[in-house]
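Sending over a structure as structure tokens; questions will come in a sec.
A, B and C label the chains in the order they appear, each numbered from 1.
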Amino acid sequence: MTVASLELDLEVFSGPFDLLLTLVLREEIDLLEVQLAEIVIAYLDHLEARGELDLDVATEFLVLIAALLELKSRLMLPREDDELADFEPGEAAEELLARMLEAQRYRRAAEHLAARLAGEEGVRYRRAPLPPSLRSTNLAEAGAVYSPRRLGAALGSLLRVPAQLRVGHLSDPRVTTAERLAHLRRLLLRGATTFDEAVRGADRVTVAVTLFALLELYKQGEATWIQAEPFGDIAISPASRPAAVL
Amino acid sequence: MSELARIIEALLFLSPDPVSADELAQATACESDEVAAALAELDRAYAPGARGLQLKRVAGGIALATDPVAEEASRRLLAKPRTPPLTPAQAETLAIVAYLQPVSRPEITRIRGVAAESASATLEERGFIEEAGRSQFGAVLYRTTDLFLKLFGLDSLKGLPSVAEWDPSPEEQADLRDRLLRAGEQRAGDASPAA
Amino acid sequence: MSELARIIEALLFLSPDPVSADELAQATACESDEVAAALAELDRAYAPGARGLQLKRVAGGIALATDPVAEEASRRLLAKPRTPPLTPAQAETLAIVAYLQPVSRPEITRIRGVAAESASATLEERGFIEEAGRSQFGAVLYRTTDLFLKLFGLDSLKGLPSVAEWDPSPEEQADLRDRLLRAGEQRAGDASPAA
């Protein structure tokens, strides 16, 4: 099993995880409508059903869900990190104001439409089958109105494979758990180390995978770790037991 | 015209079936002699030759019906296929049925990447496609009709344009379904990250 | 009533959709000025309050419909509620589609500031909006339908007031700006420790 084929049954989507991902990227599903927590729960259910943790799959899942979370939070706070810094408070207010005015415009248009519909209440149209004499279509009288080319073109547009989407920003974890395990073990051979030391100069994905490798070491009884205070450095030391055989 | 007569006229207009005097009395919350008086009023308004519609007493009730004077014009207007321009969703759905028939609705959805409920309902209602049994999984299968061939000026399905014209990689017609499904999957799924 | 007016009345009675003047001319094999004269005759016969029915110009055509005077009785007779009112979310979504069509769902979401998933699904199910092709990113685009025009009593989209009409007045804009700035200052004030 891979993360891609994880079956989801969400409020707005039902199908494999990778399809959801694609639909989100193609804007056919609005990420704001997707409850990411539901996906996490589906994955935990899956884990529980399997009864074992496949570390590589788990890593991939974490990376993907983290990317989705980041994307979603950017959507929810569209201008936070990149542009807000350049925004004078006044400009930010103008931007917000423009949005509010646009929303207000369509809220009023909506009121108009609702009133219009209410005004038509009581106006009913007839829905009745045609008299039998008019019901049968005379095939002989039917002429060619449509061009078959329309069908070929419609089918052709379905045959065309859409341009490859760039998903590089989502995930391409070139680093594997096995690599990070080896890295940690090398450090631990020299005695105690720290998490900061273990991930010095690494990118975010590597940091995440390293944490996973550390969990694995702990589970195997090869290392113990202590964090003295929240956000403080994590001290890692070799366990007293001899390391498990690779 | 009295208000009751107006209301009864509207009721007869809406109802696809004849309505009895009792039902009219109930719906209008009036006594039957009031309804009878209103119907007499309507009879006068719909005196033979006065309107394009007639008030008819038929089995079990009263009904509005067209006057025979409109017979020929109605046939010209209505006894012909309705052929408004196809929407994009309808064209895609119809093309899939035309090239792959018999084909099930789930399969159409898979190829399009979006559901085709209302498009296939409209196509069926207009007589372009019809049911052709069930798949082994119980899904309704669709095929095109003779009317479809006529409306597209085709002698047979062989007259459909070759997809090679639109498909950048021409292959045998036989694996069209495969290629469509693959394209559909790709459209919907191939961007799965190379994780 | 002239024979042509009678025939047209019958055609309007039979047709499930509004019929355009052109279609009427074709079906009756008459010139368009003759049809126009007959329609004027029908307009007089169906003057407001005269009958239980009215002649409506909707969705680019002419249609017969009931006068609201009969609403209560028809509800009792047909035991069918008329189109239920729109929820605020549906009305907003519909307004955005009506004015900006073709428009994609992400765009609707952006303008509303909240998701439009279930509202647009309901509107599509009720036949008010339909697919109108795809955006360059493959997102489904929506537009309004003829049924929308019919049920909202509109002859065409031109019958909608200009969207500029709903723009807040300069006073309201100034007021909104003031409130926004004040709220911002307050937040800034709260955040800074008591200096």
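The rule is short, and it goes like this: contacts are C-beta pairs under 8 Å (C-beta built on N, C-alpha and C of every residue); 3 or more make two chains touch, one makes a residue touch a chain.
Not measured: the values here are computed from a predicted model.
Chain centres computed from CA atoms place A at the largest separation from subunit C. Of all chains shown, the one whose average CA position lies nearest the global CA mean is C. Between subunit A and subunit C the centroid-to-centroid distance comes to 36 Å (mean Cα coordinates, whole Å). Note on chain placement: the centre of subunit A and the centre of subunit B lie 39 Å apart, centres being C-alpha means.
Subunit C has its Cα centroid 22 Å from the Cα centroid of subunit B. Residue positions 13-14, 64, 66-67, 69-70, 74, 138, 140 of subunit C are each in touch with at least two other chains.
Listed for subunit A are residues 26, 28, 124, 126-127, 130-131, 134, 162, each touching two or more other chains.
Subunit C contributes residues 1, 3, 5-11, 13-15, 19, 23-24, 26-29, 50-53, 64, 66-67, 69-70, 73-74, 76-78, 124, 127, 130-134, 138, 140 to its touches with subunit B in the complex. Within the complex formed with subunit C, the subunit A residues making contact are 12, 26-28, 30, 32-33, 89, 93, 96-97, 99-114, 116-127, 130-131, 134, 162.
Here subunit A touches subunit B in the complex through residues 3-4, 16, 18-19, 21-23, 25-26, 28, 60, 63-64, 124, 126-131, 133-139, 141-162, 164-165, 167, 170-173, going by the rule given at the top. Within the complex formed with subunit A, the residues of subunit B that make contact are 10, 13-16, 65-66, 71, 74-75, 78-81, 83, 86, 88, 91-92, 94-96, 98-99, 111-114, 127, 146-147, 150-154, 159-163, 165-168, 179-180, 183-184, 186-195. Listed in rising order, the residues of subunit C touching subunit A in the complex are 13-14, 16, 54, 56, 63-71, 74, 82-83, 85-86, 88, 91-92, 94-96, 98-99, 104-106, 109, 111-113, 115-117, 135, 137-140, 150-154, 160-161, 163, 166-168, 173, 176-177, 180-181, 184, 188.
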